[in-house]
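There's a structure below that I have some questions on.
Note that the chains take the letters A, B, C, D, E and F in the order they are written out, and that residue 1 is the start of every chain.
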């Protein structure tokens, strides 16, 4: 999306993308929950070269108090990039870009939470990018959503993010860094997949309205694949926790333990969408 | 903070279900647009934009600087927005908050990804000297839809701006001349913002509509009728069909909007 | 007042200033009230090339509360220059100069307000310089004063600001940018004209005490002229509002409306001085 | 915050009506002035000033830098003031507040507009190398009238300072030498501050007087007895006659004050 | 804020008097150490360190810059630490607080004063071009003894890092090449932190022990078994004998710790 | 401790240090109390070329209130270097180094205070370095401790700071600027001398454990010397105050007076250690 670089080829002679993917193929994806031992809930994602951690605290008392909302919880999302997560060292102070991404991720998660259940409380989501690659705001949304589930926060549905775009004239899902940088358009998206609702939508570049229609169709296939991985890791995490509980007679007293037992089946069902 | 009574909220919903809006406009009607260019003689460009009662001033200052290492032949446009109490009792002093940051970035991206201004035209000497344009947006009255009004005033500022000519000698010293030239540009992009209130979606929301909307979708349509930027915000959701409908409607509405912009 | 520039001539052969004015002549002046539709009171001034807006809020509840004063209102004045209001782009963060000017304007307005009428409240004045020219702090005081009147805040007197100074060896009123910059002395002044009280007085440059005496005499003539314009615009605004009220059967419900009806004749009389 | 009782306030007023001040001084009497120069060996200049019990230290550091583009043959003097809790329980930590900013700017302007230091004498090579003087004022004890005490310590610092000599070679590289030279200067300006309490106006107010004054007028008198700077502050007012009276009195008082300053 | 019950506190004291620790370790036992190097491909060096459950990531970015004037042939290492809520509910967002500043400075000094990295080896061209290494430490899980864990991850980062080669031409322009080289180094220093709880002193305290300790003493032992840095903190005291005992114990413990570090 | 400078000689041919001192000899030392007339307690030290002021306020109400501690006072220490106290002008904003030194001085003083006597209160210590030389954190601890005594704050013992180190291969006490800069090791120390307790201990450089043992032995001699000076100045201050009180019939009403009379014999005894 820069106009100064000579357009490099983004497809090989077989019509595959430079990393060998087909146009509708995702980069390698790895998900994990309960990664951060001091948080109420947490998760980790590797998506392409993105390496992102999410920690969730709450529902908990809100400081400063005057920001409390009488009839619901305040959701706060903080997205931060590590200084070494990108090519040139990022300065430690949050940039305007990080503030904006924090906002769009918050608005991507918020519609699926029952904030009205926790008046005057805070739910805090901290996202730390350890390494950044194309689509880091989407991957952050994906990982934050399962960190919320891991914290036992009830949800209407899990939220799933991925980008779609156009590179070298072709529509492609899940843009790599280079496709994002020298491609024609980037459309980061997040959805409550089971509910067919978009909760995050941005677009930079150039698309006709017909291309956009096709792009959204394509992206929903990619969303489904990631969504199923999210469900699987949460299910496995849930089984694992049940085993841990039956193994040990008494809960550990270490203050670092994650209160995973708060996730019960009700939450997981609601996470399937309704 | 602005608030709205339950009665007003209900009345608005009833009107919307009947296909009407609280201020009498149709769902696809923009408020009147007025542009007053060149209001600040010390700025290299400036314009005041009115979108109904919403009022925004943008001014542009130019300086000469180095390009970013990865784009050695491109100038730099830096957009920022100031939401001071001048424009609304709900704005506060201090460094830009989330709303001001989003506003500036949405305006910036809508211009950046359009064909409007080629940043390579802002290059003076590759790798060493480029124009830096600072577009600063000040909100004078917020009666809703700051994004579209700010976009209008930023675009009008660029369209009526004058860059100082610059000479770079062999030793790489730049001299800013007293001569000016207009910026080269294509047809400008137009930003159109839709608000979803229950199941109705209206363009160019006023403050009262913003108070009850669940979701906002801003779409920037370039001079060639392609989409060059989108931004969903708010804590609601949109279906794929709703998104595509908004894009379709934006492509129609933009034609009217384009006619009111200043000509070069 | 800089010692490095060669003294340019500031008078033509006819003894007129470079912009054609006599030594005691004001630059063109335009005043307007009710300019900013979201403020409780507002006004706009064009004085020379100065273009300045003022918005007033209050009396209203003061945040943070611990700054409230038990027996009177807190007057807060914020003077800000637009980034594009001057030759070189001004940085957005307020400079030390802006802090100081905010203070002197506050102290220029404060003596004419009945702050003791509103214990624990705040009255806020925000001044935005859209374009700056010589004498912007004086013009800001002039416009802020009528914005306060427009907000219906009772006053002992309107306050009026203008500068006087010395350029090319002659005393002149209402200095232009260039006369301020390369002149010999600049004396920004604000007065409650009818009461013969100075509320703002600064001076930079070089004057003998005899010159100062003469300068103050001269400036009071200029103050009178501006003061009458202020009175006129407030009177006209007042008439206009009365007409608007009788025209409309019910007040508008738009939250952006300026509560101009709060200005009653009593306030206007008190604005005449006593 | 310092406060004063109603009884004390009344007593002060009665005294003033009788032409007397609470500490026994006449209306035009300054407190004793004491100057101790060169207290910081690592600074290029420094001086401690006492005005009665009010005590201020100023130190000066010098560096070499570029001039401002519009004054290519002038050096730069940057004055700042630190009001930390060292000097008074009412001072707070943090970035300079309104009082510290005003204090620094009044001292700065009083020196800048006098004939004391010609900034062109601080030029090393036109357009490229000038002296930057950082004058930093620290309040050690606030017993009233910080402006005059700070002005005294800043002036005394400049009068006893030593600039390092600098050599600029043909390629424009500056070398700071180990040799020092005094600054060239004229007779120093003196700042005199008047406080208006009811209808009485007294010079050099102590803290108790500052608590009840409505208005303060600081006047800087240059070495040639002209006025080079004035600053009214406080939420009271002054008549033209009061202003001119203060100027007249300042021109008399300054003669005494000048005799106590250090000689070069 | 983490808290501890009175009962737990007493139990811990009883155990300590019996020579035991709450997690079963001996007084001189470190928790298990695990190092995972090269976890961030965009960083010039990175390592994750586990000390028991305490988990820290360090990443290093390299740039080319000018040396400080007083050390013209030395590169610069800048260490900072980020204690964000990712790592503990008691950490807060915002600029680094006292704890983060101390942590970064203790790690920095332990490395700086050791023989580990010669800063002269980070010089590219004397006086003009040196390597700047930014070591940024992120705490992922605080279960006690952040200093030692952070030190481990910083040292492991340096040991596995690759510096880009740099060419400086005759005109003094630096070009960063695509080739990389490892840093030259000696045996790494090891930081060992002791906690004094009543009269007992234990190494590598866990969070529960930190809550009750009165004093902490961190000792960095260099590769040649000399001491290269110490830092006492906390509001308790130490006798001379206690200090010397800790040093003696540290010299013993360090041998075990050294065996788990990655080899070059 | 820098590896780039050629090792200059730090001893002359007679084995004396460059400033003529023996290895165990202190630089000239001057102490004074009650220096700052607006503080509750204050003191001044000249140690070598160090010139440092300390002001103490409290025990007093703590702002902001939410930082108050239920069962004891909060001790706050702020160490600040004057912009002109060092070779290159220091920027006015506090550096990370100043934050860290504030912390170690606080922890050096805290163990000797009876903070539990003043629940919810604050005791504030402000340290201003007017000129800096080697060992300024130690000198700051020394002067802060007597400023606390001057404010009448009861203490278990006075705290005394000085550095020890290694230069040119020899152990030396009370390092000068140059010995600190190009020496082999610097060990800043503070002790409650009478109680044989170290309250501050840092070390940078290279020492064997045998050298450290010897260095600590050496430093305690230097601590004793300074401790006696501290005792003496407090005793003299105490006598002087008693004389002042008996001279004047009534206490002065000037708000700037230091409440020195709060130091009574009990405090002084406790300052002797127990």
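We take it that a contact is a pair of C-beta atoms (placed from the backbone, for glycine too) under 8 Å apart; a residue touches a chain by one contact, two chains touch by 3 or more.
Bear in mind that the values here come from a model prediction, so they are computed numbers and not experimental data.
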item	value
Chain labels contacting chain B and also chain D	C
Turn needed to bring chain A onto chain F - CA fit, degrees, nearest 5	120
CA centroid of chain B to CA centroid of chain E, Å	48
Distance from the mean Cα position of chain F to that of chain C, given in whole angstrom	52
Chain B and chain F, separation of their C-alpha mean positions in angstrom	59
Cα-centroid distance, chain D relative to chain F, in whole angstrom	32
Chain F: positions in contact with at least two other chains	none
Multi-partner residues of chain B (each touching 2 or more other chains)	none
Category of the chain touch graph - line, ring, star, complete, other	ring
Ring walk, chain B to chain C and onward	B, C, D, F, E, A
Complex interface listing, chain D residues touching chain F	2, 39-43, 46, 53, 55, 57, 59-61, 63, 80, 82, 84-89, 93, 95, 134, 136, 138, 140-143, 207-208
Sites on chain A touched by chain E in the complex	36-40, 49, 51, 53, 55, 57, 78, 80, 82-89, 92-93, 124, 126, 128, 130-132, 254-256
Residues of chain E touching chain F in the complex	71-74, 96, 98, 101-102, 104-105, 109, 112-113, 118-120, 217, 222, 226-240, 243-244, 247-248, 251
Touch list for chain C against partner chain D, complex	1-5, 96-97, 99-100, 102-104, 107, 110-111, 187, 192, 195-209, 212-213, 216-217, 220
